[in-house]
Every structure is written in structure tokens, then in C-alpha cells.
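Look at the two complexes coming up: chain A is in both, with chain B in one and chain C in the other.
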Partner chain A sequence: MALTVLLLCAGAWLATSVVALAAARRSTATSLVYALALVVGAVALGAALDALIYSSDSIRAAVLPIGLPWLGAHFRLDALSALFLVVVNLGGLTASLYGLGYGRHEQAPGRVLPFFPAFLAGMNLVVLADDAFTFLLTWEFMSLASWALVMAHHRQPGNAKAGYIYLLMASFGTLALLLAFGLLAGPAGGYAFDAIRDSEPAAGMSAAVLALALIGAGSKSGLVPLHVWLPLAHPAAPSHVSALMSGVMTKVAVYGFVRIVFDLLGPPEWWWGAVVLTLGGISAVLGVLYALMQHDLKRLLAYHTVENIGIIFIGLGLALAFRANDMQVGAALALTAALFHVFNHSLFKSLLFYGAGAVLGATGERDMERLGGLIHRMPLTAIAFLAGSTAISALPPFNGFVSEWLTFQAVLLSPHFPQWVLKFIVPAVGAMLALSAALAAGCFVKAFGATFLGRARTAAAQRARETDALSLAAMFLLVLLCLAAGILPGYFMDALAPVSQQLFDARLQPQHLHAWLTIVPVLESRSSYNGLLLFVMIAGAAWLAAWVIHRGASHALRRAPAWDCGFPDANPATQYTAGSFAQPIRRVFGSVVFRAREHVYMPPPGQMQPARMHVHMRDLAWDTLYAPLDVLVGFAADRFNRVQWWTIRAYLSLVFGSVVVLLLVLAIWN
Partner chain B sequence: MDHLALDVAHFLAGGLVLVSFMLLYQDRMFGLLNIFALHALVVSLSVAWQAHIQLAPYLYITAAIALVVKAIIIPVALHHIVLRLGIHRTIETVVGIGQTMLAGIGLVALSIMVMLPITAEAGTLTREDLAFSLSVILLGLLMMISRRNAVSQVIGFMSIENGLILAATAAKGMPLVVEISVAFSIIVALTVVGIFLFRIRERFDTMDVHALERFRGGQP
Partner chain C sequence: MELIREALIQMAQLVLLLLLAPGLTGFVRSVKAKLLRRKGPPIRQPYRDLLKLIRKEVVLAENASWVYRVAPYVIFATTLIAASLVPTFATGLLFSPAADLIAIVALLGTARFALALAGLDIGTSFGGIGSSREMMIASLAEPAMLMIVFTLSLLAGSTQLWMVATFLQGPDVGLRVSLAMAVVALIMVAIAENARIPVDNPATHLELTMIHEAMILEYSGRHLAVIEAAASLKLLLYFSLIGCVFMPWGLAAVGQGFTAYAVGLGTYVAKLAACGFLLAVFETGTAKMRVFRVSDFLGAALMLGLLAALLLFVSQTT
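Moving on to the complex of A and B:
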């Protein structure tokens, strides 16, 4: 039933795309398309929630007679796909709601409207797919739809390049997944996931599939060093699409990884976990360091996606390591932490992108150094953005804290690993996780402070107006969900239990049974967390402080000119900037990680020019990986170009030679 | 299957490989055409024998097509073309007969090494015939790349097709309709090739395809 509803929803989105194509020039098209997407999204969310919470033990499957004639299109709804469908459709729902308001300012609605519902349909179908062919087809469909949305404003400088790099990385990732499925299907070519589950993978093949899945899903989700397209492409799209790409599509990639490695590939080896969680740790730290150096608001958020994907992969790596050692409690804990972070990140990352979109819509600026003081002009957006910042910085009582805390609980189980490598690596990755959480908090102090506090740095920021009610509704819906997941994490963790039950045959103890909504991941004596208590304490302390200040000081408040250090009428440009905030961290990490070099230009005495300081930073991923690759591809293309000018006999000789070589290989092989 | 049937089939398939070798070193135009006619004759005999021992009457049709089209029509047509072009007296300089023959022997050894292990389950007849037909195909390819005269390349191409027919009849795989359409396409190819040959001759005053290479534009 739920599966049928979801497939119909996907069909309805596709139909909405067609409607959007037909009606794109009408003035009512924007409202119509987003309203349709919203309604369909609500239905799909309901179906997914029903499948996850009320009937998670039953697995529904369907085969549609489309696609390859001997295969058909297999679809399946189990606990894992239900969870990711909730994430996808919650994101789609809020994005449609936000789009209802935000989309009115769209310059070229004809370039956005047809692809938005198609993108939603694509993401839903990827999660539902139950054979390799359907999976890859819908995966590519999702990529292409999002590419079209990235290219919506293709005349803006940089966007065309972003789209090109995205297309390259997406094709590369799909190629890796194609090879992975080819290996999984084996020589018999059983491309249905059921057939893959039943087959026994060869020893060396599993490692190859793991590597290919890491490349394929990692390039989509932004795992370092495959993250380069993400900070270019995500900000280029309209803001609600940025939110979908950053908050939701990266999760679909995580789903692909979980589906291949946890479900299809069979029992893991312990070193898989080490590889995955090391990559996760590196992504977490590098992502947040990149973000700290970034003063473009949306690009900063995109780099934070890299960080959070890193955190998710740390959890997944830990789950693999625990699973390989038959430590069921640890495996369930790490998987729950990772999946909970998937859910949480989709909430607060969407929220933050909506906030950034509201700022962009009100001021036309993404550069934090040209914003400032927006809390006076856009108080509600500021509150929502602050809540999102708190959540992503992993501060209680919001949801980001809970999932990162759970990941730490899994890290703390590492002394029980039998392998020394894991005993050493896991605490080191835990330290990286802690570092990235702290740096993320610093980064959002910078982002919120530079954007919303202080005084307006430009006239555009001065004239900003509060955004529309529908956008605000979408944001505050997410704020409430962030708060709910932070205060009542037990219920959310219980909803995740069927997934670990399905994948590992193990689950955490039911959390809603504990008194006072406490969550106890492993044992009462080890650790527990009570979001409600913390929330009450924070609220109480804040209220108390406010009351004391109000009673004790407010009526004694005296307004007087502030002491201005002897410089009357200070220019807003003299404020503390985002660049100055990030400078200490840049000096500590940047000189190594980014090869940051500062050049100070002092004008000679008597000259009136200002002194200037330039910072040059290099992206090591570009310099060490992509630039050499680019040179190599160019070189190879030049060489192979000559093949085009061969004679007919030379071509024939090539065919003959390759036939003989292949036959020789065959003869020696046997 | 009695031994005689097997032996005759082997004799014919082996004969085909032998005729392929003869094609490799034949440097006179008419000699080449005659040997190609012999090649097609052996193929049609081989197919007819297969039809006899497999009790598959439709293979007789295949044999008849091979006989009429490839042993008679094509050689006669090419004969005509060669006469019209006035190249019947040219002696083609075949590069290194010794090396070519050695390479050919290597190819035959290779195809036997490849085919015999992988077709272990198949019947003796099929195994041997597949090995021989792969040899014929490889020898035809070798001929195509070792010759520079366009007519010899056409003959090499047609001998590859003969090898394919041998493989298909031995494997009991090719339906009649496919065989008929292949034969038809060979005739079409002959027509195209004939026109092509006259055009080359008209333009470049030679049948050496090497001459074409100097006339291609845009080379970097």
C-alpha cells in the first residue's frame, strides 16, 4: 500500500514537471507547481512515516514492466528506504513550502519549475529502487535534474563552470557505481538486489566493491577528496534547491553507500571500518576548515555539508568495524548515531540554506563581509538562523548535539576492539570529530555574527526587509523539528531501531521506556542524556538571567553616547569582520592545510594609498589530485588524437592485434 | 557418428585452412581469384557434408548459396573487374612471404589453443570445426592487413565470411534466414566494392590503397 502510494507520488511529481513545462510562462505557475509539489510531498511523507513507524517489519516489493525487458523495474520499501524516504520527503515538503514564497522572486521560473518536482521524484525513486538498473537510471535522473537546477542561473559568472564540474563528478561517480554493481551481479548478471543479496561475493571482489561504492557515493555526498564540486554547485542553485542538494541529495548518496555496503555486500571485514571512518574523520576536519576560510554564506554552508557527511561516515565506519567484530550493541549504536545524524543534518542544513536564501533575497548579497546588522531588519530569520547554527554546532538542547554525542558514545566503545589498528585509529578519529565540532561552533559564531550582528556594512544590508511568511513558516517548522529531535531524542532513536534491526539483526534498547525521556545508549552506568532536563535548565537559567537583568538593570538603563576611542562616527567597515574572526584559526591550520601565505603591502611614507594585506590560499585537493589529472587527461587526449589520422590498414592492424592479444590472454588464462 | 563422417568433415575443414594459406602467398591476380573460388568451393562442400551428417536439409541451401554466389558469381565478377581495370598482369609485392606464413602458423596454433579448452563439453566435430574456422577468420584478417592491393583486401574480407559460415554450420547455430541475408549483403558489398575500385582507379591511376593515404586532408 505505502509503496504504491509512493510510486504514485513519484508519478505525480513527474506529471507536475510536465504541467510546469506547459505553464511556465503563466504568472500563476510558480504557486501552482510548488503547491502541487507540496501536496504530493505531504502524501509521500505520510506514506514513508507509516512504513517506518507502524509497519516497519513488513517488506513491500513491486515489479513494474518497464526498463530492461528481462529485468523489469523492481521497487522495494523496507525500513532503511522508509527512513531515507522520510528524510527526502521532509526536505521536499519544506523546500516546496519555502519555494512558494521564495520562488516569487525567481528571475527565470521556466528554468527551475520543471526540474524541481522531477528532482524530488528522482530522489524518491533512487531510494525505492530494488535492482541495479533502476537504481543507476534513477540516480542519473536525479543527478541530471539537479544539474539543470544548478544551471538555472547559468549566465552568472562561475555557474557554468560549477555545472560542468558537477556533471563530470556525477558521471564519474555513476561510472564507479556501475562497476560496483557489475561486480556485485557477477558473471551470471543477477541485477535484482534480491539476487545480489543471495550470491556469495568473492574475497578480493568485496574490497573492490567497497572502494567503488566509496568513490561513487562519496563523490555524490562530498567525501574528501571528491568534494570539489559541492561548494561550487550547491550555492549556484536557487536557495531551496541548494537546501535540497545539500541537505537531502547527499543523504541519498549516503543511502546508496549503506545499501551497497551494509545490505548487498555481505559480512564486512574489520579494516573496511578503519578505511571508512578515517575518510570520514578527514572529511569532517577539512570540511570545517574550508568552511572557516569561506566568507560566502552559501558556500560556507556547502563546506559544512562536507563536514557533516564526514561525521556520518565516521558513524558508518564504526558500525562496520563493530559489525565485523560481532559487537552487536556497538554496531547498532554507531549505525543509529549515523542515521540520526543523517536525519538531523537534513533538518538544520535545509534550515540554514533557507535562512541564507532569505538573506540573499532581501539583500542580494552572499558575501558576509558586505552584510551585518540584519538582526534588526530580519529578526525572525535571525532567530531561525541562530537555531540552525546552534544545531549544526552540536550545542544542546538542539538535535545536532544528540547525534554527535551518540557518535562519541560509539567511539568510547573502541577499547573493546580486538584489533590494535582500530584501538589506535578510533580515538584519533574521535579527537578529529571533537575538533571539527568545536571548529564548527567557531565557524557559526563567525557566520551568524558577521551576517546578523553589528552594523550594516553596505546599503543593501541596511535596506533589507523581513522575508515572506511562507518562507518563515518553512524555517520555523524546521526549527521546531530540530528542537523536538533534540529534546525528545528517545522517540526518534526508537524510530530508527527497525533499520538496525533489518541490517544488523540488533537494535538499541527501547528508549521511550526510560523515565523522564532520558536516553541510555548502552548502559545506565556508562552514560545517559536527558534533553528535556537540559532544555528546562537552559530555559530556566536564561529566564532567570533575563529577569535579574530586567529587574536589576533595565529601569536603571541610561542611554548615552558610547565611548568611541576618540574616533567619532566610526565607519561600519571598522567592525570586526568575518576575515578577522577566522584569522587566528587560519594562522594555526591554514599555513599547513591551505598553504596560506599573507602578504602585507605598506605604502611608502608620504603616499596616501591604504596599506593592504592579501592572503593567498591553495586548495590541496585541486593541486595534488585534480590538476595533475587534468594535465594527464590533456596529454592522453593529444596522444590519442593521432589515432584519428591512421590509415585503414593501421586500423585493421589494430583490430587484428587486439583480437590476437585477447585470444592470447584467453589461451593463457585457461 | 561414425569415424568416416568425422574424418571427411575434418578433411574439408582442414582443407579450408590450407586454402587460406594458399591465399596468403598468392601474388598474381587471377591466381588469387582462382584460389578464392577454390576456397568457396571447399566451404560449400564442407557445409554440404555437414548437412548430410547432421541430417539438416536446410544446410544444403546454405551450401548452394555459397557455391553459386561465392565460388562462381563473385570470382567471375572480380575477374571481369580486374580485366576491365587492366591490372591482370600486375604482380603484387607480398611483403615477406616467410614471415607471413610463420605468423599464419602461429595464428592457427593460437586458435586451437583457445578453442579446444573452452569447448570441452561440445562434440568433437564442433570443437575441431570451431578451431579451424577461427583460424580461417584470423588468416583472412592477416591477409587484409598484409596486402596493399584493394582487390586482395576484398578477397581477404570474403574469406573471413567463409570462416564464419564454417563456424555457424558446425555450431548448428545459424538459422537459414541469417545465412541468406549474409549472402545477400555479400553481394551488395561486392557491388559497392566494384564501384569503389573503379573510382579509385579513375582518380589515382593505381589499385594500391597506399595512394589514398596521401590524399587525406586535415592531418595535423
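Moving on to the complex of A and C:
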């Protein structure tokens, strides 16, 4: 039932795309398309929730007679796909709601509307697919739909390049997945996932499949060093699409990784965990350091996706290591932590992108150095953005903290690994996780402070108006969910239990039975956390302190100019900017990670020119990996360029020679 | 019955913290003054300052937003709740299952987040300099603190603070290299987090060197009082933490009689006095370091913490 509903929903989205193509020029098209997407999204979310919570133990499958004639299109709905469908459709629902308001400012709706529902359909179908062909086809469909959305504003500087790099990386990733499925299916060519599950993998093959899955899913989700396209492409799209790409599509990539490595590939070996952990730790720290150096609000958020994907992969790596050592409790805990972070990140990253979109719509600016003081002009957006910032910085009582806390608990369960490599890597990765959490808080003080606090730095920021009610509704829906997942985490963790049951045959103890809704991952004497109690106590203590002081002592208040140690300056340029805020952290970390160099030009005495400071930073991932590759491709292209000027005889002999060589190879092979 | 008893201990601890915190700050100041051969203010001076401040009117900068007015109470409440979860004179607190050591560190993170935002709210250069440096220091101090938490919880097999304290009171601790490293790292973190010399100077208003004071430069009246109280509470929290983990003697356990509590209270005050005295001596004997030396100082703390955790990982057999 639920599977049928979901497939029908995907069909409905595709139909909406066609409607959008036909009606794109009408003025009502925007409202119509987003309203349809919203309704379909609500139905799909209901079906996915029903499948996850009420009937998670039953598996539904369907084969549709489309696609390859001897294969058909297999679809399946189990606990894992149900969870990711909840994430996808919750993101799709709020994006459609936000789009109803935000989409009205769109300059070229014809470039956005047809692709938005198609993108939603693509993501749903990837998660439902149950054979390699359908998976790759829908994966590529999802990539292309999102590429079209990235290119919506293709005339703006930088966007065409972003789209080009995205297209390259997406095709490269799909190629890796194609090879991975080829290896999984083996010489017999059983492309249905059931056949792959039943087959025994050859010895060296699983390592190759792991590497290919890491490249394929990692490039889509933004794992360092495959992240380079992400901070270019995600900000280029319209903001609600940025939210979908950063908050949801990266999660579909995580789904792809989990499906291949945890489900299809068979029992893991311990070093898989070490590889995934290392990549996750590096992504977490580098992602947040890159983010700290940005002054474009949307690009900063995109780099934070790299960080959070790193945190998710840390959890997944731990789960693999526990699983390989037959530690079921640890495996269930690490997987629950990773999946809970998947859910949480989709909530607060969407929320933050909606906030950034509201700022962009109100001021036309993404550069934080040209914003400031928006809390006075857009008070509600400021509240929502602040809640999202608190959540993503892993601060209690919001939800980001709970999933990072669970990851820490999984790290602390792991000193009993017998492998020495893991004994060294796990605490180091724990330190990286702690470092990234602390740096994230610094980064969001910077982002919120430079954008919303202080004084307006430009006339555009001075004139900003609060955004529309529908956008605000989408944002506050997410704020409520962030808070709910933070203070009642037990219910959310219980909803994740069927997934670890399905993959590991083990689950955490039911959490909602504990007194006062405390969460206890393993044992009460080991660790426990109660977000509800903390929230009530903090709110109560703050309110009581304020009440006592206001009633008992004084509530007089006078407004006066700022003091600023006696040197107040009316010029808003004297404020701390985003760049100056991050300068100490750049001095501490940047000289190593980015080879940051500062050049100061001091005019000679007596001259009235301003002093100038330039900061030169290098992106090492780009410089060491992609730039040489670029040079290599250019060199090869130059060499092959000569082929273009051959005569027809030369071409014919080339074709003939190739055929002869191929036949010879075949003859020798057999 | 058990519930009522735990609730009573929890309430008693809350009140005790509120009463003791300003006194501790006053004590440290007074010892420092004595060491410098000054007469110095009496220990009760911080109480008087707080009472005076909450009765004065607030002078608020013209473009201050609600963040600026709410932040002091958020900082105070999170610090108070975090402090109330650290066992001071007895274990068996009612709310201790609500937050383990990691959550306590994160609660202090929430307080710092609010304070740093408040520093940026008016849009002055001093607020910005304070927030920016505070977050730089936190970016190293918080991971170092978490590494110390890792070390302790690997030893005790639990992140619950009362379990850690009970374990360290017990017989099977022994002398451990990891613990020695962790205590040094914890002291370094405590100095940095409480804006003490050599990282920051709580008494300075010299423009270019201040960090904590720069963030709260524009605060006045009751807001300032609440922030000062929170700062005192934070110092008390770190002293309690050091006392409860590395000097766990005298902590009254669950189910002991009245005398145990009296002894616990006495030893707690003695521990605070010892820590306060040592802090004052240390501060008097050291010079403040340049801001960009702080990263070396805290980097060393982080490395010590990581090394301590790593040693435990390596030394654990299956």
C-alpha cells in the first residue's frame, strides 16, 4: 500500500513537471506548481512515516514492466528506505511551502518550476529503487534535475562554472557507482538487489566496491577531497533548491553508501571502518575550517554540509568497525547516531538555507560583509536563523547536540577493538569531532553576528523588510522540529530502531520507556541525557532570575549611545566584519591548512594612501588534486587534437586496426 | 523518600552555589591583593557589587536588540544548571541523570555562544574583538576539555560525573600517567575558560588585551550583575569539577548519614579555598601572554588530553 502510494506520488510529481512546462508563462504557475508539490509531498511523507513507524517489519516490493525488458524496474520499501524517504519528503514538503512564498520573487520561473517536482520525484525513486539499473537511472535523473536547477540563474557570474564542475563530478560519481554495481552483479549479471544480496562476493572485490562506493556516494555527498563542486553548486541554485540539495540530496547519497556497503556488500572487514572514519574526520574538520574562511552566507552553509557529512561518516565508520568485530550494541549505537544526524542535519540545514534565502530576497546580498543589523528589520527570520545556528553548533537543548552526543558515546564504547590501527584512529577522530563542533560554534557566531547583529553596513541592509508569511511558516515548522528532536530525542531514536534491526539484527533499548524521557544508549550508569529536563530547567532558571530581579530590584532602562571605551564611531565600517572575526582562527589554523599568508602594504611616512592588507589562501585539495588533473587532461587533449586533422584514409585505417586488435584480444581471451 | 532526599540535596547544592560563588571571586581577589602587599577589598565586596548593580538602572546602547537583553539570563541559567550538576559535597543529585560530563561541557558552550553573540550585537569594535578572540580560545579549549572527559570516562567506564567521582574514590585507581596528564590539561583549560592570567586578565580594561571584559564592555546595571554572577559561578564550577574528580575525598555518597554531609560540606569549602589560593599564587607569579601565544598554550592542553585518551585506548586489552 505505502509503496504504491509513494510510486504514485513520484508519478504525480513528474506530471506536475509537465504541467509546469506547459504553464510556465502564466502568472499563477508558481503557486500552482508549488501547491501541487506540497500536497503530493504531504501524502508521500505520510506514507513514508507510516512505513517507518507502524509497519516497519514488513517489506514491500513491486516490479514494474519498464526499463530493461529482461529486468523490469524493481522497487522496494523497507525500514532503511522508509527512513530516508521521511527525510526526503520532509525536506520536499518544507521546500514546497517555502517556494510558495519565495518563488514569487523568481526572475525566470520557467527555469525552476519544471525541474523542482522532477527533482523531488528523482530523489524518491532513488531511495525506492531495488535493482542496479533503476538505481543508476534515477540517480542520474536526480543529478540532472538538480543540475538544471543550479543553472537556473546561469547568467550570474560564476554559476556557469559551478554547473560545469557539478556536471563533471556528478558524471564521475555515477561512473564509479556503475562500476561498483558491475562488480557486485558479477559475471552472472544479476542486477536486482536481491540477487546481489544472495551472491557471495569474491575476496578482492569487496575492497574495490567499497572504494567505488566511497567515490560515487562521497562525491555526491561532499566528502573531502571530492567536495569541490558542492560549495560552488549548492549556493548557485535558488535558496529552497539549495536547501534541498544540501539538506536532502546529500542524504540520498548517504543512503546510496549505506545501501551498498551495509546491505549489499555482505559482512564488513575492520579496515573499512578505519578508512571511512578517517575520511569522515578529515571532512568534518576541513569542512568547518573552509566555512570559517567564507564571507558568502550561502557558501558558508554549503561548506558546513561538508562538515556534517563528515560527522555522519564518522558514525558510519564506527558502525562498520563495531560490526566487523561483532560488537552489536556499539554497531547499533553508532548507526543510530549517524542516522539521527542525517535527520537532524536535513532539518537545520534546510532551515538555515531558508533563512539565507529570506536575507537574499530582502537585501539582494549574500555577502555578509555587506549585511548587518537585520535582527531589527527581519526579527522573525532572525529568530529562526538563530535557532538553526544553535542547532548546527551542537548546543543543547537543540537536536544537533543529541546526535553528536550519541556519536561521542559510540567513540567511548570503542577502546576494546582488537586492531591497533583502530585504537589509534578512533581517539584521534574523536578529537577531530570535538574540534569541528567547537569551530562550528565559532563559525555560526560569525554568520549570525555579521548578518543579523550589529549595525547595517549598506543601504540595502538598512532597507530590508521581513520576508513573507509562507516562508516564515516553513522556517518555524523546522524550528519546532529541531526543538522537538532536541528535547524529546527518545521518540526519534525509537523510530530509527527498525533500521539498525534490519541492517545489524540489533537495536538500542526502547527509549520512550525511561523515566522522564531520559535517553540511555547503553546503561544508565554509563551515560544518559535528558533534553526536556535541561530545557525546562534552563528556561525556568532564566525566567526566575529575570522575574526576581525585575520585581525585587530594578526594571528601569534608559537608551543611550554606545560607550565603546569612550571612542564610539558612527561609521558602521568600524564594526568587526566576518573576515576580521575569523582572523584569529585563521592565524591559528589557516597557516597550516590553507597556507594562508598575509601581505601588509604600509605607505611610506608622509603619504596619505591607505594601508592595505591582502590575505592569500590556497585550497590544497584543488591545488594538489584537481589542478594537476586539469593540466593532464589539457595536455592529453592537445596531443589528441592532431587526430582532428587526419585524412579519411588515416581514419579508415584506424578503425580497421582497432577492429583487428579487438578480435585478436577476444581470440586470445577465449 | 529517596526522591525527596535527592531533591533536597539538589536544592541545597543550588543554594550553596549561588551563595558561595561571589565569595570565591572575592577570596581570590583578596589573596592576590595580600600577595602584592596591598590591603585589597574585603571578601564580601563582590556581594555588595552585585547588590548595587541590580538596583541600578540599565543604560542600553541605542541599537541593542533583544539578544543583548536576553543573553545575560541565558548565560546565567545555563551556567547555573551546569554547575548544579557537578557534585560538590555529595553525590546522588536528583538531576544528575539529565546531563553527563559531555552535556555539562556543551551547556557551557551554549553560555559562551550567547555571550559571544551579545558581544557582536551593538556593533562596536571592542565587542567584536572580544567575541572573536573568545571563540578562537574556545575552539581549542572545548576539544581539550572533551579529551579530558574522554580520559576520565574511559577510566571509569562512564561519562556520568558521579560515577567518575565514585570510581576515583575507589581502590582500583592507582597512579596513572593519563590522570596526571588530564589534571594538567584540565587546569590549563580552566585558566583559559575563566579568563585568568596568563590567557586573559579579569581585572584589565586595557583596550587591546581584554577578551572577556571586551565582550561585556557595554553592559550595565542588572545585566552586568547577572553576567558577573555567571562568571563567578563558572569559576566555582571548574573548582568543583577539579575537586570532585581529582580530590574526591569527603564526598558524601548516597544513603550516608548527616555527619557525612557535614564532613562533605567542610571538605568542599576547604577544597575551594585551596584551589582559590593556588590560583591567586599562580596568577601573581605569571605574566599575561600575547593573544596569539594562547593557541600554543591551549594546543598543549589539547595534545595532553589527546595523549591521555590515546594511552588509555592503547592500554586497554579486549
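We adopt the following convention: the second predicted complex is superposed on the first by the 621 of 670 C-alpha atoms of A that agree within 3 Å, B and C clash if a C-alpha of one lies under 4 Å from a C-alpha of the other, contacts with A are read in each partner's own complex, and residues count from 1 in each chain.
One rule holds in what follows: a contact is a pair of C-beta atoms (placed from the backbone, for glycine too) under 8 Å apart; a residue touches a chain by one contact, two chains touch by 3 or more.
Given the structure is predicted, the values throughout are model-derived calculations rather than measurements.
In the superposition on chain A, contact is made by A:G372 with chain C only, not with chain B. Contact with neither chain B nor chain C is seen for A:T28 once the two complexes are overlaid on the shared chain. With both structures placed on the common chain, the touch criterion links A:L666 to chain B but leaves chain C unconnected. Taking chain A as the reference chain, the count of touched residues is higher for C when chain B and chain C are set side by side.
When the two structures are aligned on the shared chain, A:N641 is found in touch with chain B, with no touch to chain C. With both structures placed on the common chain, the touch criterion links A:F656 to chain B but leaves chain C unconnected. With both structures placed on the common chain, the touch criterion links A:N571 to neither chain B nor chain C. No residue of chain A contacts both chain B in one complex and chain C in the other. Taken in their complex, chain B has these residues touching chain A: 107, 110-111, 113-114, 117-118, 138, 141-142, 144-145, 148, 209-210, 212-213, 216, 219-220. Of all residues in chain A, those touching chain B in their complex are 641-642, 645, 647-649, 652-653, 655-656, 659-660, 663-664, 666-667, 670. Touching chain C in their complex are the following residues of chain A: 372-373, 375-376, 386, 390, 393-396, 401, 405, 408-409, 411-412, 415-416, 418, 420, 423-424, 426-428, 430-431, 434-435, 437-439, 441-442, 444-446, 448-450, 453-455, 518, 524-530, 533-534, 537-543, 545-546, 549, 553-554, 556-565, 568-569, 572, 574-576, 580-585, 587-588. Across the complex, chain C meets chain A through its residues 54-63, 65-67, 73-74, 76-78, 80-81, 95, 97-100, 102-103, 106-107, 109-110, 112-113, 116-117, 120-129, 131-133, 135-136, 138-143, 146-147, 150, 153-154, 157-160, 163, 205, 207, 217-218, 221-222, 225-226, 291-292, 295, 302, 305-306, 309-310, 312-314, 316, 318.
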